[in-house]
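Which chain is which? They are A, B, C and D, in the order written, and residues in each are numbered from 1.
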């Protein structure tokens, strides 16, 4: 199992959904970062369950405890260990699935690969693991903030409800003003009602999180394999339920001619080299070019639904399964801080890697 | 610069478009693989320039030379070094761009990041580098072939010309029967004519390569970060000109309900656990589930076009640039073996990693 | 800071001497290992302070708590997180050194490198960190035990008191029968008295831990860089206070002729290829050859002594420093389980890596 | 097989003794280093065979060819590939050992581990591989030279002939003035005669290479696992025939009291924090402290001797083997540039890693 991410700013996450705790060890965080614990907790609060009636009602305070790496409110350059205790474990909710393979969950693949699995609430495959990513990503955001770099995610699509405006036509400061985390209040309400209706049917729905990275200087990303968008793509695809990633012109760009798609260079009034359009999505040759970076992340509908479904058990016998626990009808609202966290981790890693590129 | 890929089956590529040679060192290839040099050369031939009038006319034999790691036609477990000499360097073609930033190329970002760059033909940022990947990927395919695993890519879209049939409705054995590498002969001809028309305009066009992996056993992939689709995504996004990646239901899946999207399990006549549908794209929880794996890769239009474009030079002065060398109006046909190579590299790495998962 | 060790069986340690806790996350432990918590605790007890009057009187129960990765007493293949809480922190003991550089400690180098440091008890540079290694190493020993591989360390020298017998002339089962961990009872008593006398002088003394690895099959180790002895050497040199490493004939071997040093091969009655002598120390070409592996690790005298010493403070001003806390006059007895733990970690990693070497 | 070394400045070596070529790909060399090819060749010349009658008479020009990563005599930040062609392969010399296990060589362990091996001249286990390290190390030295850091190795012991003076009592500029590479001309002559006598007996002898690193600033090295001396140790132990490593006070230091061993700090006339003694060998807590770094590396006698020895073949049958090819009676003179190369590689890697340690 690979629970480590990053080359310089490296995180190692651990923990199962219904074990004692989940957590993360961050190695390679530079020394001297002001450790704003309140901000980290606030990011966790954005991800935690029970925020509105369209998210799971599992009760978790998700309070983070710091075990190491911080002294007198500064990072010391040593590993930073953060733990989030599992409070509302309710293991009995899951006893009925010990032997079952839930459709489109990881039960079957984990059991076959490892020969053993912690079946309680999905164990390690539960999206609960992403809380550890959010804690580490919040720390990464603190580093980026000192560099003037921001990471802003928002829900741009739920089912067929799609925000047609692009990121620069929206007021992204409104994102967290509603339970859906869609920066367009009208669309946000539509999405909320839609998700709520699906919740009542015991069903689930997918959607898209869009994300914008502003203030990234020219030079982050490492071709030929660790291109900035390749790492962003991997980071996003590693999030539970993600099915696709595109940046800049993305899939739509395949229909354009080169003469339409190419971004003409010019020099702006500050003497900075800029591009007139941004089909490149702020990345050229795998390296940031100073323009805004933007990308989309596709999430499938949550696998757990409250309807009966055909499946098999470990013995291969036909069974019917039905979700019982407390689950999200749509992960998108809670996915926004996770997408942001992973993007921040990618950026900080390249920020530090970039320091090693030039001689003297 | 990161030119290394893989954790166990690791490749390190090197070389510039117009340097002495490009090549790759493969470390971690298991000992005892029958080294079929003819097959490796054949894969390189599928990628090499000059295959038809819709690909670049640069002349490169792309003959591979093996320097190490093979003895009596078997791999020995030691690093395998393969070199492809650059024959048709024609550096003079590129002298005019020493000081220019070509739109949507990596000239500006490389120059800014590294402070120095080999400007001849894009240097390291040239897609010529992918020949080294194809050589290594061919070796990976040899390993997979012994396991009954196949990797089949094909062109499914060029501009707006889109193959509506899914992979299982196509005869993929026809893929290499035409210059476009589209398995539907009628569509292939349409695409060919379209690309050829664009070539005559001095323009370029994007498209999509689809890819199917058959025979992958249950268990490949390592959550939580190195999920099988996350590594496939990164590998694809690391290829020049790629803008997006999706697998299984992909971006379209966001519009489905959970009750529509979930893949019901059943046990087949051989006692094997299967799914009735395959929205999961053969991967659940980041691990292969034994079904076919399929994904799409979006390529933007080639940045080099034969038309005048606005840009700036290193001094930030406004200039006009115009492609002169020998370039592809559409990379898709030559991209197929590259996509396959990267997929094969991802699979072989997980095949070997999977051996370390269980105790005894 | 690098707090990660291993390529497949990877550990990430964290924690400062006087922070909330120290701990370790083990990634890559195979699934299905019987998790014997009592054994892990027992190994920690061998390292913990306060075992006799010749070890530090700091009071730490060093009770390990498992947060993840174990279900129904089996490892699940997911990260195993183990935490040891710091109970006897007594931070006030160290306030006097906030600004001081203690001779031959890491105060000066940490302060200069990181610009900030947790000065309490050495912070991250304290040997307390090695408790986390012992916990992880105990888990590694559990894996090895199932393979019939044993790791046995013992104290072979303290100051000039040197055990002249070689490991095969000793009864290593007596090692833990005395406070010094020397398998020769007579020498053990001499060493104990010597260390106790040094303790009374407020001074400290160095020594050598020898270690024998039995039952290692032919084939562990990965040339050319990760030779078995190179990894063992690095692992040992990473332990606090270690100044040297040698294996097999070691430094003494440089005086031998090739005709004296070479180990003649023969086939034993079981048809197994053996060597008549073992100057190779069980490793040839960086790979285990099936013979016993043995090596020596040199430890300098502990830097903290109860005598006044010349030094400087952060401002570079001349000061006198004197140890006050509770320290070991000789680390050797407590170093034995640490040496064993690191050796076990090296071996398990190669055991797993070796599974990827051969095709089919 | 692990043929990769380094985390930022990474090398991947390849090649067998009697294959087409050996070589190295250097990834992570900073952009903008002046690439002094003549210097790199000169370092290779220091290692190459045939320098005097006490080294092997195998004829190899060992001319390096650069395939990538250098443009207009500067490194570009892209992978630098260097190849050394094998000229004097004489494979027929080795046909007689195809089926034999030479005592204290890697034949038996390679055959058992990999199931196949290139038996010609030891194949990958041949010390010929170290030429690739020397090429990469020479590049590392170029980087270090710009920082004022020097790496100086010399032969301090051959058999029982031991230089009693320490490095600061010697004129290290004389090291390359004689065939042995001992900076004391009188001792050098004694050693030469001794090695020559052993050569005539068809035997071999071991010895020690000492090495001094001057000019290393405070701060290189990464505790807790990648301590500077731990990486130096691993790097040295990865060189063929090395049996031991010690730094600073080394093995002798175990006999000292803490009050004798501790290095008192003081502030020198330039305001720099220094130590009055240097038992620490320039490294404290795994990090360079600004003093000279020095260490010793023990080499066993070369395994190939011209005398008959008992052994077995692949079938386990008793045989007699006798060296025939062209081998060194003592590797020490040629080992000096190899030790220096590995030390330079370790230092450059930490130089670059150190850039990532502090925030802003």
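In the analysis below, contacts are C-beta pairs under 8 Å (C-beta built on N, C-alpha and C of every residue); 3 or more make two chains touch, one makes a residue touch a chain.
Keep in mind the model is a prediction, meaning the values are calculated, not measured.
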Response to the item:
Looking at Cα centroids only, farthest away from subunit C lies chain B
Worksheet entry | Between the pairs A-B and B-C, the one where more C-beta pairs touch | A-B
Worksheet item: Could you state the distance in Å from the CA-based centre of subunit A to that of subunit B?
Response: 26
Worksheet item: Roughly how far is subunit A from subunit C, going centre to centre by Cα mean, in whole Å?
Response: 39
Worksheet item: When the centre of a chain is set as the mean of its C-alpha atoms, what distance in Å lies between subunit B and subunit C?
Response: 46
Worksheet item: Do you know which subunit D residues sit against two or more other chains?
Response: 1-4, 13, 28, 31-32, 75, 77, 113-115, 124, 357-358
Discussion item. Under the stated contact criterion, what part of subunit D meets subunit A in this complex?
Written reply: 8, 28, 30-33, 75, 77, 143, 146-147, 352-353, 355-360
Worksheet item: Any idea which subunit B residues touch subunit A in the complex?
Response: 1-5, 13, 101, 103-106, 108-110, 112-115, 124-125, 129, 157, 159-160, 198, 203-208, 218-219, 221-227, 229-231, 233-235, 237-238, 243-251, 253-267, 271, 273, 275-276, 279-281, 284-289, 296, 298-305, 307, 309-312, 316-318, 354, 357-358
Discussion item. Give the list of subunit D residues in touch with subunit B in this complex.
Written reply: 1-4, 10, 12-16, 19-23, 25, 27-28, 31-32, 65-69, 71-72, 74-81, 83, 113-118, 123-124
